[in-house]
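Comments concern the structure below.
Each chain gets a letter, A, B, C and D, in the order it is written, and its residues are counted from 1.
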């Protein structure tokens, strides 16, 4: 009997007085935690394999199940925490990097929660969005610097390609391969219904989804998977992914098990082979190289599509963003370090990069200081969790936000952070057909539409409360934010006043 | 429009409902020799078993005639149809005019020409509610009953007497019970089951002569009895139509619209013959669902609608003391047989279609097999191995499943 | 008329519809009480084969063979819903013989049972539809 | 004492505004506008009042007229040295005032009529208006105690802490005549009391009187500051003035086009316009998204040769316009018009976001 150093973090607790042995838990657990014991005539569980995805809990018709954090405790140590000790055991056993997925779970500061939103009282009426127009339509793209007129004195209205969003919320890049066909379909249909965009991620665009092209951002990443002329032409915009908030500085690795026939065809790689995205783009070692790629993509698509450049929020993000704003890119995307991923080395996910709020504030201010904020639109992502986060992001200076994790949660994700295992019980981060079918896109797309619609209502309510009836009057309107629990430095970087300080 | 319906059983009720699908106004007159509210004939055995009562065995609710605007004339028989005058003549000599006439005259028990039969004191057939009443009156715990005929009627009669009489002896000249619907192998399963409950069978034998309380069989055996039930078959009541000049073969001839050869005269139910698509020939299919569907078809056509009665196949669902039997079609071609004591299954297929089946015991979802026969579904279009195992929609192609389960039927 | 339709593309074979059906027809208002330690006899049944599964329940045909075939008059159509009067039914199984979907089932009482779209128990959306976790069973007009 | 803009202090306020304009260019004495603004006494609270007058300096009409507050003599010396280094000063004087019981703590108030030194324009490769605008920004930002509050040609701003009618009397406005007058009575919701914070706010010949509290302030400020403006007062009026300067002078928009940026029609309204209008309105809203002003405002913009009155697009502040013969009037309340012209040809309340523009002899709306 070998020594088992690892005790499951979570335990399945079954209330046998409520269990009707319908076996739904057993049938729905891809980790094979539950089984029916023929002799005992009851359900039994092995918590060792439980990832706490809550699928069984959610489906149990009699609420006979719950998952509890184990009370099995190592001797308490504020420095060597149980999870660090367990990680050492794992690595001592495997000799490998620790892998994980989704966003950073550690208790690092969430600046969204330390910023509070203003509202009108007396001197300026709040506006009721149920009675008055409340505008959240957003355009993304480079704006002209000067008004030009034709020979008749009419303003020339041609400008760089623009994207028109009905809501300032887009679905961030998640590749087909890392997420399922049905998840992609849900996102594509929801974006279409909502009048916004979703992003293919670096996995190419499945041929079935070309019809949603008007609402699609096609991504070009370091692996260049699935990139061809038709692909570039299919989308409304092209995004060059330089980095990702969850794992700045490294590439991606989609294991062969997830490269099914459909994924392989879409990515244009052999079925069953690992899809490895290099850490850098090997044709981009400098900002000049980036400019070449931006312009190449524009050339390839007839200058009809805005080009996004997405970078991870890293220490020097403001200067890098400034460089991108001068590279010919139309939209700069900053992805914060709490952003999700289908798979990342744990240490990178948890300790590389900076919070999106600070990155956004600093990038927006830097672009304004340089007078080039109108050269680009600014989109941020990396843990935008609610409509309030959206409002705060826009008030800090973002044009629009990307939501990824939030969208997946709407589809059923419970943030069990096990995407990398490929056994997503919710049919999202998996390619196994019997699991993929668990996400019915007819349901999924409606849930996404509902989520964004609900957030839109809330955004409008908050705007109305501030006496603002158009989103552009909120954009960069940092007077509408006040900090709590922040240091002088944090306030300075965020460009906001402390709560209770006099009007400014 | 005035509709006259002769008869008050399944085909007659089907006819009323058919007429009313099209014509809510026309007058309907139902003429029946029986005095009862319409009831389900096959239920008389269940009545005697106590599984139903006279109220519940009514084929349609009490308000049926009123709700459907039917006039009834019970206890009267029609003696003559005059298709030229478009009248019927009753046994009291009166004449009734019709615009459209439905002949649902049913059948009558065949009384075998056996010497001495008239001497039998306690004798009944087993077709009507009145028969059931008589049988009940004649029998008791000390009664020995002889049933002549091991067909559906005879055996249902035997079933309902189990435990209520001293002995039950069933005699049939055929070599097996239920010869019209079961193969010898299948019949043996059912016979064993009934024998468990004390029913005695004398097969391949026939009554040669009766005394008042015994029968001498052709084999020389003697069976003593207190009560004799004759259940050796039925004869269709075709006389009214043939007398009026209508075409009659084995039964009254009707086309697919259920018209007889007499103008404005329709017919359906046990008095008619029809084309058996499984057999590919004309026969009498005296079974209730077909009677209803013929009646319905006739009614719709009588009222000016359009309906056709097609796909008639023989089919039977019957049970004896918890053992269910479902059969349909004809037993020809290749067979697939599976048996495990009580449960028995036989499928018969030929020319890429299912021709017939027999299920005994486990009869779940048998209708899926029935539909294969009725629709002549090509067996190579389904997973036949799967469907042999058990009736299931999984055996159909995905698009067929989708249309069956995803579209309005 | 709204009917129950199933789409095997989304059926997970979780069998929950069967349990929700049995619960709705149990006459008990607590699912645990209704179903714990009991065999269930739902009116909807899952067919399964490898990765394919789907639920089957009464289609409520416009022109139902079962009703026409019923020898006792216990099957009837009420506002489009095909219902069985279990008091009238004698368990002859002629309807089982007739139904091309295999959607009429023997009941433990010896008569037959079938889906009645929950009109006489919970009312509104049938319980199998409510309980389906993946909208593989829907209740709608088609 | 806290000044507007100092230490990040921002002072939103309510107010009264009034404007008088002679379309034929007739010069109207200043007592009339005082009479108009006086009637709306209750809309002010004595913490600021002011006037802008056009056509009052015909003898210096080609010179930039700088009105400057000095907190002390040192500031005056420093500022004058800076001005002399950049301008040829044709005339300078203290602005005439009279002692007034309700006006106190007056700074030094001087005016200068000056023309930029040609060499300074050439070395910077800019026109004289851009030059003047930069000078104003420089002085107001970097010369402590000096504040240029009027800097156009043939236009003068007069303002102080006090009720507007008192301010008018203090500045002896009855002695001036101009074809266009605007006035402002201030009701700040905090206690400032710095003269520079009073309205109108002016840059070059643009003067803005404003009643309202805009909710888009910081979005507007952070956008406009990209283009060299420095919002030192942190007042709505200041940022509105800069926006107008930017759109009209630097981007060359007409007054109507400017109105369609700062009080842009709703998208739903734009959607109902003709194809060409739709394209232009969408273009302007998109290009100048950061200059949309939301929240309540009514403003009267004075410029050489015209005025424009504009409400926010929901019309969250009252504003009435009237006409009589060649005279046009705009005010927060109808009473402020009736008191000086009881017999109007026409009186109306302009819709939200709909600019009302009057120009001399129906001339070009555009102000270059």
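Before moving on, here are some points about what is shown:
FYI, a contact is a pair of C-beta atoms (placed from the backbone, for glycine too) under 8 Å apart; a residue touches a chain by one contact, two chains touch by 3 or more.
From a predicted model like this one, the values you see are computed outputs, not experimental measurements.
Separation of subunit A from subunit B in touch steps, taking the shortest path, is 2. Steps from subunit C to subunit D, minimised over paths through touching chains, total 2.
When chain centres are taken as C-alpha averages, the shortest distance to the whole-protein C-alpha average belongs to A.
The interface with the greater number of C-beta contacts, when A-D is set against A-C, is A-D. Once the centre of each chain is set as its mean CA position, subunit A and subunit D turn out to be 47 Å apart. A straight line joining the Cα centres of subunit A and subunit C is 43 Å long. Distance between chain centres (mean CA atoms), subunit B to subunit D: 103 Å.
Here the CA centre of subunit B is 28 Å from the CA centre of subunit C.
Taken as a graph of touching chains, this assembly is arranged as a line, each chain contacting the next along an open chain of partners.
Checking each pair of chains for touch leaves A-C, A-D, B-C.
Contact residues of subunit D toward subunit A in the complex are 8-14, 189-190, 212-220, 222-223, 225-227, 234, 251-253, 257, 264, 266-268, 279-280, 282-287, 289-290, 292-296, 313-314, 316.
Contacts from subunit C toward subunit A in the complex involve residues 9-16, 18-20, 23, 31-32, 35-37, 51, 131, 133-136. Contacts from subunit C toward subunit B in the complex involve residues 3, 5-8, 47-49, 52, 54, 56, 59-62, 65-66, 68-69, 71-73, 87-88, 90-102, 104-106, 110, 142. Interface residues of subunit B facing subunit C in the complex, by the touch rule stated above, are 10, 14, 40, 42-43, 46, 51-52, 56-61, 288-289, 292-293, 296, 315-319, 322, 324, 326, 328, 363-368, 370-371, 374, 386, 391-394, 398, 401-402, 404-409. Taken in their complex, subunit A has these residues touching subunit D: 120, 122-125, 127, 132-133, 135, 137, 139, 143-144, 146-147, 149, 154-155, 157, 159, 162, 368, 371-374, 397, 466-470, 472-480, 497, 501-504.
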